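Below are two complexes that have chain A in common, paired first with chain B and then with chain C.
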Partner chain A sequence: MEKEYYVCTGCGLLCEDIETELEKRAISKVYTACRVGVAHMKENPGTAKFWVEGKNTDEATAIGKAAALLKAAKNPLIFGLDNSTNEAQKKAIELAKKLNATLDDSSSFSFGPLMAALLQKKFKTCSLDEVRDKADVSVFWGADPSDSHPRQLSKFAYFPRGKEKQRGWEEERTAIAIDIRKTHTAKICGNEFYQVPLGGDAEFMEALIAGLSGKLPKTSYKYPPKKLLELANLLKAAKFGVIFIGQDLLYSLETLAPLFRLMDTLNEKAKGDFFLIPLLEAYNMRGFNENLFEETGFVNRVKFEAGSVKHGPEYSVVESLKAKAVDAALIIGSDPLANLPYSIIKELLEIPLITIDPCETLTSKKAQVSIRSGVSGVEAGGSALRIDGVRVAFKPVFESKCPSDEEILFKIMEAF
Partner chain B sequence: MTNAMELYQLLPKTNCKECGKTSCMAFAVALLARELTVDACPPLKNEPKFKENYEKLKERVSPAEGATETGLIVHEELCFGCGNCVVACPVNVANDPYGVGSGNAPKDEKKLILSIEDGIVRAKNVDECRRFGKNKILCTGCIVTCPVEAIEFVV
Partner chain C sequence: MDFGSFLSAPELKLKIVTYRDIFQNKALIEDRFGEEYIAKSALIKLDSVDLKNLSLKKGETVILKNSFGKVVVKAEASDSETPHRGIAYMPNSPWSNRLVSTETGGTGVPRFKEIEATVVSAKGEKITELEF
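Right, the complex of A and B next:
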C-alpha cells in the first residue's frame, strides 16, 4: 500500500515525510517527525473559537468587530505572518494595500537584511537537496540546528547519503561549528568547534579572510592563529561548501559586509563553490519575505499609501509602535507581547488589538478580538517556502471546522 | 560500563575450570559477551562465602530495566527525535538506503534497528545490531551522533 505522507510546519525545514495515525479526529501517533514537530502536529483542539473582549462569541460577530476596528483605524499595523501559508500572506498584503496599513514581520528584528541581500542575489545560495547530494563541508555559524531545526543534520547537512556522497559522514563530510558556546550541534562537530568570544564574530571573519589569503590571522582576543589557519585550510579544500547562518551571528554583526567579504574570498580561494543558507526559524518567513519582495521590492517594514509603497526603519513594528504611529494592530500567528520588550509592547496594549492564531498566546488573551485558526498542515492546507526557497505544498491531515488564516482574512475583507 | 576486569574481581579467581573455560578471566570475558551466565560458575553459585559476590555479579550482568538484548537503552527524557542515530546507523543504511539512509522516512521498515516514533527514537530488530550475536563488534554509530547522550549501552 502506498504510504501517505504529510508536511510538518513546526520549523523552516518543512519535512515532507511525516506519517500519522488518527484516533477520534485527533492525531494519536506521529512517525519520523522530531519532538518539535510532534508537539506542533498534536496541538489541534479541532474547533474554531472566537472571542470578543475576552468572551466567547460566534464567527460573524468576531469578524464584523475585527473589520470595524480595522476600518476605523487611520494607520493600522499588520504584523506576523511568518507562521502562515503563502496564500494567507498574499491575502494579508492585499488587505494592507486596501487599508493603507504598515506591514511587517519578525524578520524585521532578525533575518531581514540577510534575506534582502539573498533576494537581491548578493551571494550564492543553494537548495538543501543539493547540500544532501553534494556538500562536503557544512559550517554552522551562530546556529544550533540540533535545537532549532532538529532534523537538519540528519535529513540534509551531515549524516544522510547523497547522490555524490555515498560513503557517509565519517569519510566524506565535515561539519564545523563556530559559536560563542558549545551547543548541541558543536558537540556533534567534535574537534571542529571554534569558540569565539561574545561579539567576536566580525573579527573572526576578518582573521579567516587573512588566513585564506595566506596572511597571518590576528584577533584582539588572541585566537590561536594555528587553529585559524587549520580552519582556513579545511575550508579551502572544500569542493561544495555551505555556511548555515543563525540568528545569533546576525545579532553579533554590526553590518553584513564582513560576511559578504568572507563569502567572496571563499569562492575565490576554495577548490569548489561556497553557498550560504540562512536558518530561518518560523516555517514560512522565507515565504513572507519573497512574497512581499515580489510585490514591493522590499522584504519587510513597508507602509502602503494610496497605491504607493514606503519602506524604512520607521515602518518596522518596533519603531512604529515606539513612535505611536499606528492606531490598531492585526497580529497573525505571532506573539509580540511575549517576545518584544516591555517598552514597546505597552504601546501595543493601548491600541485595538486583533489576533489570528492557532494557539492561545499572551497576545491573544489581551486582544479585543481573537480568532483561533487551523494549524497549517494539520487542519488547513496551503503552501510555504522552505528555508532554501523550495515551495512545499501541503494538505490537512484531517478535515477540520477551523478556518485557515487565509479564509479568516478573506472574510474580514468581505465584511468591509 | 562494566568491563571484564571488574567482573573478574568478583569471581573466585581459582581457575578451577569447572565452568569449561580455561581460567576465571576467560569466564569473565564470556560473561561479558553473554556466552555464559553467572550460574555457570558452580563455586560462585554454591559456596556461601561467594554469596555476596554472586549477587553483585547477577546485578551487574542482568540487563538494566528497559534495555534491549544488545544492552541499548534510550533515555526518553533526553531524546528529541533529531534522527541522527537513525540515519547514521550502518545497519539502517544497508537495509534501507533510499529511506532512512538518505535522511528520509523509512521505505523498508522490516530490518530497521532504530526509528522515530512520537519524537523519540525506538529500538527494534535488535538481532540486526552489530553489537549482537557471535561476531559482534563494538559499533558506536548511534552513540557518537547523539547530541544529548540519549543512547547508552549497558552490559
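Right, the complex of A and C next:
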C-alpha cells in the first residue's frame, strides 16, 4: 500500500513527510515530526464549538453575532492570520476591504520590515532546497532553529547530504551562530559560536564589514579582532552562503541598514553568493505578507478606506489599540492577550472581540464570540507559503466537523 | 518571632532577555492553561552569583517589577558557562510580556527582548495567575 504523507503546520518549515495513525477520529501516532510537530498534529479535539458571551451556542447564532458586531463597528481591526491558510488570508483581505477595516499581523512587531525588503528584492534570497543541495556556510544570527524550527538543521541547513554536498556536515558544511547567549543551535556550531553583547549586533556587523574589506575590525566592546577576522575569512571563502535571521536579531537592530550593507559586502567579497532567509515562526506569516503585498503593495499595517489603502505605524495593531482608533477586533489564529504587553491588552479588552482559533486561548476566553476552527493540515486543507516562499498545499488527515478559517470568514461575509 | 521577616530582602536590577524554548512551546500546544506550560514559562534564569546574592534557592519565587507591571515567577540558576551577572533569561510568555514597555515611540514595536526590571525574593508568594 502506498504511504500517505501529510504536512505539519507547526512552524514555517511546513514539513511534508509526516505519517500518522488514526484512532477514533483522532491522531494517535505521529511519525517523522519534531517534538512541536507531534504535539501540534495531535491537537485535534475534532468537534466544532461556538460560544457567544461565554455560552455554548450553534454555528448560525455565533456567525450572526460576529457579523453584527463587525457591521456595527465604525473602524474594526482584523488581526492574526499567520496561522491560517493562503485561502483564509485572501478571504480576510476581502472582508477587511468590505468593512473598511484595519488589517495587521504579528509581523507588525517582528519580521515586517525584513519581509517588505525581501519582497522589494533588496537582498538575495534562495529556497531551502537550494540550501540543502548547495550551501557550504550557514549563519544563524539571533536565530535558534533548534528551538523554533527543530528540523531546519537536519532537513536543510547542516546535516543533510545535498546534491552538491554529499559529504555533509563532517567535511563540506560550516554552521555559524552569532547570538547574545549560547543557544541550543550555538552548541551545535561548536567553535563557530560568536557571542555578542546585548544590543551589540549592529556594531558587530560594521566590524565584520571592515574585516571583509581588509580593515581592522573594531568594536566598542572590544571583541577580539583576531576572532572577527577569522569569521570574515570563513565567510569570504563561502561558495554558497546563507544567513538565517531570527527575531532576536531584529529586536537588537534599530534599522536594517547594517544588515543590508553586510549582505552587499559579502556578495562583493565572498567567493560565491550570499543569501538571506528570515526564520519566520508562524506557519504562514510569509503567506500573509505576500498575499497582502500582492493586493496592496504593503506586507502589514494597512487600513482600507473606500477603495483606497492607507499604510503606516498608526495602523499597526499596537498603535491603533494605544490610540483607541479601533472599536472592535476580529482575531484569527492568534492570542494577543498572551503575546502583547499588558497595557495594550487592556485596550483590547475595552472593545468587542471575536476570535477564530483551533484552541481555547486567553483571548478567546474573553471574546464576545469565539469560534473553534479546524487545525490546518489536520482537520482542514489549503495551502501556505514556507519560510522561503515555496507554496505547500496540504489536505486534512481526517474529515472534521470543524469549519476551516476560510469557511468561517466566508459565512461571516454571507451574513452581512 | 522570625526577625528575618522584618529585614528588607536584597534587590537587584536586571536586564531580562527573553528566548524561545521548544519544551515550553510543546507544553503550550498541549495545554496552554496546564501546569507544565506554567512551570516552563513563569520562570527566570539568573546568574548563579545573582541567585546567591538574592538569598534564593532553586525553585523559590521572585517578584519582578518595573513601571509597566509586576509578576511573581520561579527563579533558578542558568546553565550558562559564562557569567552574566545583571542579565537574566526568561522564556517568552505572558509573564514576561507583563513587564514589556509600551513606550514604542510610535513605531508599533514594543521592546519585547531587553526588559529592565528589579528582582527581589517573593518570600513564598505563588506564581502570578493570568487573569484579565
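Here are some notes:
One rule holds for everything that comes next: the second predicted complex is superposed on the first by the 416 of 416 C-alpha atoms of A that agree within 3 Å, B and C clash if a C-alpha of one lies under 4 Å from a C-alpha of the other, contacts with A are read in each partner's own complex, and residues count from 1 in each chain.
Basically, a residue touches a chain if its C-beta (ideal position, glycine included) is under 8 Å from a C-beta of that chain, and two chains touch if they have at least 3 such contacts.
Because the structure is a prediction, the values reported are computed rather than measured.
Superposition note: with chain A as the common reference, chain B and chain C can be accommodated side by side. In the superposed model, A:N100 lies in contact with neither chain B nor chain C. In the superposition on chain A, contact is made by A:Y342 with chain C only, not with chain B. In the superposition on chain A, A:T57 makes contact with neither chain B nor chain C. By the touch criterion stated above, A:N267 is placed in contact with neither chain B nor chain C. Contacts of A:T125 after superposition on the shared chain: neither chain B nor chain C is touched.
Put chain B and chain C next to each other and count what each touches on chain A; the higher total goes to C. Judged by the touch definition given at the top, the superposed model places A:S154 against chain B, while chain C stays out of reach.
Of the two partner chains, both chain B and chain C are touched by A:A39. By the touch criterion defined above, A:Y5 lies against chain B but remains apart from chain C after alignment on the C-alpha atoms of chain A.
Applying the stated contact rule after C-alpha superposition, one finds that A:S146 touches each of chain B and chain C.
In the superposed model, the vertex angle chain B-chain A-chain C (Cα centres) comes to 70 degrees (nearest 10).
Smallest inter-chain Cα distance, chain B versus chain C, after superposition on the shared chain: 7 Å. Counting contacts as defined above, chain A residues 34-36, 38-39, 146, 150, 184 meet chain B in one complex and chain C in the other. Across the complex, chain B is touched by residues 3, 5, 17-19, 29-39, 132, 146, 150-151, 153-156, 158-162, 168-169, 184-185, 187-188 of chain A.
Within the complex formed with chain A, the chain B residues making contact are 79-84, 86-88, 93, 97, 101-106, 115-120, 145, 147-148. By the touch criterion stated above, chain C contacts chain A in their complex at residues 15, 17, 19-23, 25-26, 29-30, 32-33, 68-69, 80-82, 84, 87, 89, 93-94, 97-98, 100-102, 104, 106-114, 130, 132.
Chain A makes touch with chain C in their complex at residues 10, 34-36, 38-40, 43, 108-109, 144, 146-148, 150, 180-184, 195, 198-199, 248, 251-252, 281, 301, 313-314, 316-319, 322, 335, 337-345, 349, 359-362, 366.
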